[in-house]
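Each in structure tokens, the structures are laid out below.
Look for chain A in each of the two complexes below; its partner is chain B in the first and chain C in the second.
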Partner chain A sequence: MSRMLFRRSLFGLFTLWIVSIVVFLATQALPGDAAQAILGREATPERLAALRAQLHLGGSLPEQYFSWLGHVVTFNMGSSLASGNPVVDTIGPMVLNSTVLMFASAVIAIPLAVVIGTWSALKKDTGVDHVTGVVTLVLASLPEFVVGVLLVLLLSTGLLHLFPAVFVQIPGEHVWTHPDQLVLPVLTLVLAVSPYIIRIMRATMLEVLDSQYVQQARLKGLPEREVIWRHAIPNAIGPVAQVIALQLAWLIGGVVIVEYLFRFPGIGFELIDSVTNRDLPVIQALVIIIALFYVIVNLLADVVTLAVNPKVRTAQ
Partner chain B sequence: MSNSAPTLVVDDLRIVGVPSMASIIDELTLEVNPGEILGVVGESGSGKTTLGLSLLNYCKEGTKVEGGTVSIRDNNLAALNWRQVRSLRGRTVAYIPQSPASALNPALRISTQLRECISGDSSTVLSRVREVLREVALPDDDDFLARYPHQLSGGQQQRVAIAMAFMARPALIVMDEPTTGLDVSTQEHVLLTVREMCKTYDCAAVYISHDMAVVAELADRIAVMYSGRIVEIGRTADVLDHPAHPYTSRLLLAVPDLEAIRPMVGIPGNAPSPMGRPQGCAFAPRCPLADSGCSVEAPKAVTMGERHSVRCFKAGRALPPTPARPQRERSVRAPEDRPVIDISGLKAGYGKFTVLEDISLSVYPGDCVALLGESGSGKTTLSRCIAGLHHNFTGGLTLDGEPLATSSFKRSPEQRRRVQYIFQNPYESLNPRRTVEELILQPVQAVRGRVRNARDLVATALERASLRPDHARRYPDQLSGGERQRVAIARALATEPEVLICDEITSALDVSVQSSLVDLLRGLQAEMGLTLLFITHNIALVRNMAQQVAVLERGRIVEFGDVADIFKDPQHAYTRSLMSATPNFQLPRQAYSDPAAGASLLGAPDPVQL
Partner chain C sequence: MTVIARKPAGPGAGITVKAPRKKGLLRRALRSKRTIVGLVLSLLIFAIAFLGPYIAPHSPTEFVGAPFSPAGVGGAFGTDNLGRDVLSRFLAGGQTLMILSVLATGIGVGLGALVGVFAAYSRGWVDEALMRTGDVALAFPQIVLALLFLSIIGPKLWLLVLMVALGHLPRVARVVRGAAMSVVERDFVKAAESVGIPRWKIMVGEIVPNLSSTLAVEFGLRLTYSIGLVAGLSFLGLGMQPPSPDWGLMINENRVALTVSPWSVVLPVAAIALLTVGTNLVTDGLSKAAIGSNEGVEA
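== the complex of A and B ==
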């Protein structure tokens, strides 16, 4: 199994490397002059020269790439063109904030979805199951910003006034100092990722409950609780883990919109900002971080899937 | 046999489908004494699995008990509440499932699955686990206990399932086809284990199977089920020697005879589904003795002898003789004949893994050559190589002297036309979205382009496969399993092939249907001069079908020759072990010969209808 994980990790690194080439080609090696594109037509030759030096635009393409890559892997991403601060300092807190947001969403969404999906499968063809089916379908078909706006109307500005509609960060404080500000963004993300997990959990669970080994467990006279927890869930979790991983990976994309909607100071918000400002080093850093996140989440899903499958675990 | 009170009493049980209310099981009455094994024999759809599960008060989704009682040791299951039923399951009555590979939980260790069968303190439970494992001849060490089901062989898995059932020393064991899907040698070990375990624990057992030969070896009494009713029940010897119900008699004749003394005859028609059971006796439409009275009212059970009863108006009446085609047991060829398929030094594999090695085989026109082997022996791979479905092979392969390309894509349309393939499972090999007519025409169009006289061609193919012309417009799911396999045969015949490869084509079908198909193929072989390659694991079928047999063991042909020679005097140890492991199912001579004429029934073949 460890060999398998090692191989998957290598594959992840390979993915990251491809991403780095794409990012480099799309930003640095733009047709024409990246410095000109950033500074616009009215830029003075001195400023252009200075920026070219800062972006390492001299030399051939491979030379440029390897010197750029060298800086990336040593976390020396240069300075933000907008603020002049080092990129790492600029985006460090943003990454932390976004991680908090996503972690909170995942920790709430995953167990909730697994439980609701299982419950729905156990109550197949009853009212509970039908309601869950319709609600998840509606939620899954709504884009997350619509869900966000509806939640704002419902819980913040319109019907009830429970939570603030936008995030106001006081400098020097952590985002979790005011948890009530986190409620709406987290809730939006939970509602956005849960439906898929619920539906796949229900489907997988139905299949498992219909299996011979669950029938055999019941015919052995085991209590229903043991049948579900010991015999059914471990077999259902493998396929579901893959979907959860996909949803988590989606989270980091969805977070861009949700952060923008709630003006939450995270990587999504920052990404939109830096694109507007053509802040090349920040864009590069953020895209690579997002790719890194994708790779890590998928690796984790593989670990879970392998860990619950004894066939793989015991393979020599 | 003990004279104490019966362990299991089923009285007038009726189980219906929900919401159709069609009866799946009706008027079912039986009892099993302690230490007695009752074999329940029936074809698919006869309700035998539903019966087995009902003995544990378990109803599959879409079924419910509508009337009657099941009592185990005087506990009426219907009167118990849910909690009491649960405590009865596994402890008083245990279940051994059909397929241990799917009934053992893949995510749990053997020890977990065995230990949870009984409660008690950990060390007592563990020592009981070890004891039961020893009794079923499995290792009892920690290393074995820590294994997962996938780390065991099929036979070991089934023995773990048996051990699981005997953990709590139950009074009754229900076994649902526990040896289906196992190789004959494994089956023999499992049956031996079952018999010994039942004796050790003085445990009553209900053994459900479609395989008369296995039941005849194992059971003390036999119950024959047809369309949800027990049509005949009695002591094994009574039922086998003096079957009183026409269905029983015909079912016995459908079992292939290992010694080929008795011809193998199918039952025309198909068993009705629960939704479409006829009025009166359900067997009447297929019964050679039926008259108009049979389809008015269902017959009541009549007692024939001690603990032997039958549901038939004509119980005990002799059947009209059933003519069967004489079986050729040798290859007939003229000295100038050339082999139609000639294989020399073939080696095949998947990736680095070699499946077949050093295969040389010559198949002469008009012969049926059986490829006999257990699972994993490479017999299907060999047939796929010949058909061009498996490309990864080296060595010589010629059709009528012309070398064949490894891939069917590289073969000429003419070469593809001449070799056709029939697959194992007719439920998977027919595209459900095409009509029978389209299915039959597809291969013809593939080798010949546009077909002008399409309708005639389909009609001929259907007729050859003993199907009605109106089958042409049906879709596969409107057909029974036997009819589907006939469609697959018709499809293969439509291109007028010379070589027909039949890959375990009867293994997914009932015995009565199997016999009809074998008869059909033998007829086709004689009339069309077809060359058949008949892949099977069933040694008795080989004797009733083939002229020559190649025995495969682990990717090598260990023995090849005329059927007559090999069965009389097998040379290789593996062939001998296969033959001794197969239940040798023999009937007394009066069961298949005409008592009046005093002669054997081998006569002119009659066309088998559906």
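== the complex of A and C ==
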């Protein structure tokens, strides 16, 4: 098991390395001189020279790349072109805020989806099951910003006036100081992530409930509750973990647009902001951080899949 | 010459049944009420998007009243943030979204299918290399990939289509490869090889047609995502540029006045929602019909 995890970690590192190359080459796609393209025609020669140094634009392409990469891996990604502050200081709090947002969404969505999926499977072909099927299908179709706007219309400005439509952060306070502000962004992400987990949980559960070991457990006269919790669910979680990982990986992309919609001060909001300002060092850093999140989530999914699968766990 | 070691055909490989054609697939899918609802929804929004510009009462860029006039005063649904007719902008604002989404989906699914079939047919290190590259590509959430390049090169529509398509590519390739794995084993492929038909002709002429139901489902699924992505990127200001009318852009321009003049947001949001629900219902119907037919073929 540890050998497998080691292999996966290596692949994760390899992924990050390729991502760094793509991010670096994307900078090269700027027409003409990157520094000139960013600063515009009125830039003074001194500022151009300073930016060229910061973007590692001197020397050959590989030289530029490795000089840039050297700074990336030591968390020295230069300073923001918009604010002048070091990139790490700018995005550090954003990374924390987004982590809070994604963690809250995942902690609510995963158990909820697993329970609803299981329930739907146990009530197969009843009204509950049909309603769950239609609702998850509809929710799965909607783009996340459409879900977000609909929620604002329903719960904030139109029908009910329960939660604020945008996030207002008071400097010095944490994003979780006013939990009512978190409700809509978290709910949007929960609604966007859950449908797939519910559907796969239902399908896997149906398969498991049909298996011989579940029949055996029932024949032994175990109470239904124990059959489901001790025998069925643990066996269904393995395949579902992969889908959960995919959904969490999706969550990392999904936060971008949801944060922008609710003006939540996280990496997504910052990414759009820096895209608007063409703040290249910040964009580069954020894309790499997003890829890092993705690699970590996948690694965690592998750990869970391995941990719940006795065949793999006990091997070696 | 191409001499490829292949696994011996399994039992039952002697029976080859051609996979059902797409037309049959759609007909079978239409037996479900959900598919019909989905098709009606999709066609309705498509009709609005393509006929809308001709029946709009005003030009989408014409100023007809004070900004954010309530419904009934400026026009049937009021005016937007600059005082333009909401209804006219809504009617004119869907066409580009549809064209861009269909284009991106077509390119993404087409290229993804080619890569997937090529990987499955080549096997060995080519397959391994392509799929590992795909795994790496998946580390970019689709929207982040698009943002990275759109921010650097600028919000060009061709780039938007290309980036959405490239985002689909590895995802489609993975699915198509999975489906093609069993097709490349079938006897008609070996028969075609034995009479010396070039490999690319076998891929395009023999293998791809047998993946039609997989491709139809993939197209529907990716179209739903494309619509969300293209509209989302416009919403973020990286798609259609003002003053052109566009649903995603309309939502962003007018959401500040959601309480005063909700129609300018409600109309485009409802249209995008109904459209994606429609395409996804059709996709769901197609995939259920495809599973039904595969059971008959694979058994």
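Methods note: the second predicted complex is superposed on the first by the 312 of 316 C-alpha atoms of A that agree within 3 Å, B and C clash if a C-alpha of one lies under 4 Å from a C-alpha of the other, contacts with A are read in each partner's own complex, and residues count from 1 in each chain.
The rule is simple: a residue touches a chain if its C-beta (ideal position, glycine included) is under 8 Å from a C-beta of that chain, and two chains touch if they have at least 3 such contacts.
This structure is a prediction, so every number in the text was calculated from the model and none was measured.
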Inset, instruction - Figure out whether A:271 sits in contact with chain B (first) or chain C (second), or with both, or with neither. - result: second
Inset, instruction - Determine, under the contact definition given at the top, whether A:220 touches first (chain B), second (chain C), both, or neither. - result: first
Inset, instruction - Could you tell me if A:290 is touching chain B, chain C, both of them or neither one (first, second, both, neither)? - result: second
Inset, instruction - Could you look at A:61 and tell me whether it touches chain B, chain C, both or neither (first, second, both, neither)? - result: neither
Inset, instruction - Decide which partner touches more residues of chain A, taking chain B and chain C as the two options. - result: C
Inset, instruction - Go through the superposed model and pick first if A:252 touches only chain B, second if only chain C, both, or neither. - result: second
Inset, instruction - Considering only touches as defined above, state whether A:19 meets chain B (first), chain C (second), both or neither. - result: second
Inset, instruction - Could you pull out which residues of chain A sit against chain B in one structure and against chain C in the other? - result: none
Legend entry - chain C partner contacts - residues on chain A that touch it in the complex: 11, 14-16, 18-19, 22-23, 26-27, 29-31, 134, 137-138, 140-146, 149-150, 152-153, 157-158, 165, 249-250, 252-254, 256-257, 260, 271-272, 274-276, 278, 280, 283, 287, 290-291, 294-295
Inset, instruction - Show which residues of chain A lie in contact with chain B when the two form their complex. - result: 211-213, 215-223, 226, 230-231, 234-235, 308-311, 314
Inset, instruction - Could you please specify the touching residues of chain C with respect to chain A in the complex? - result: 34, 135-136, 138-144, 147-153, 224, 227-229, 231-232, 235-238, 251, 255, 258-259, 262, 265-266, 269, 272-273, 276-277, 279-281, 284
Legend entry - Parts of chain B lying in touch with chain A, wherever the complex brings them together: 53, 56, 58, 86-91, 94-95, 97-99, 102-109, 112, 116-117, 148, 150-151, 164
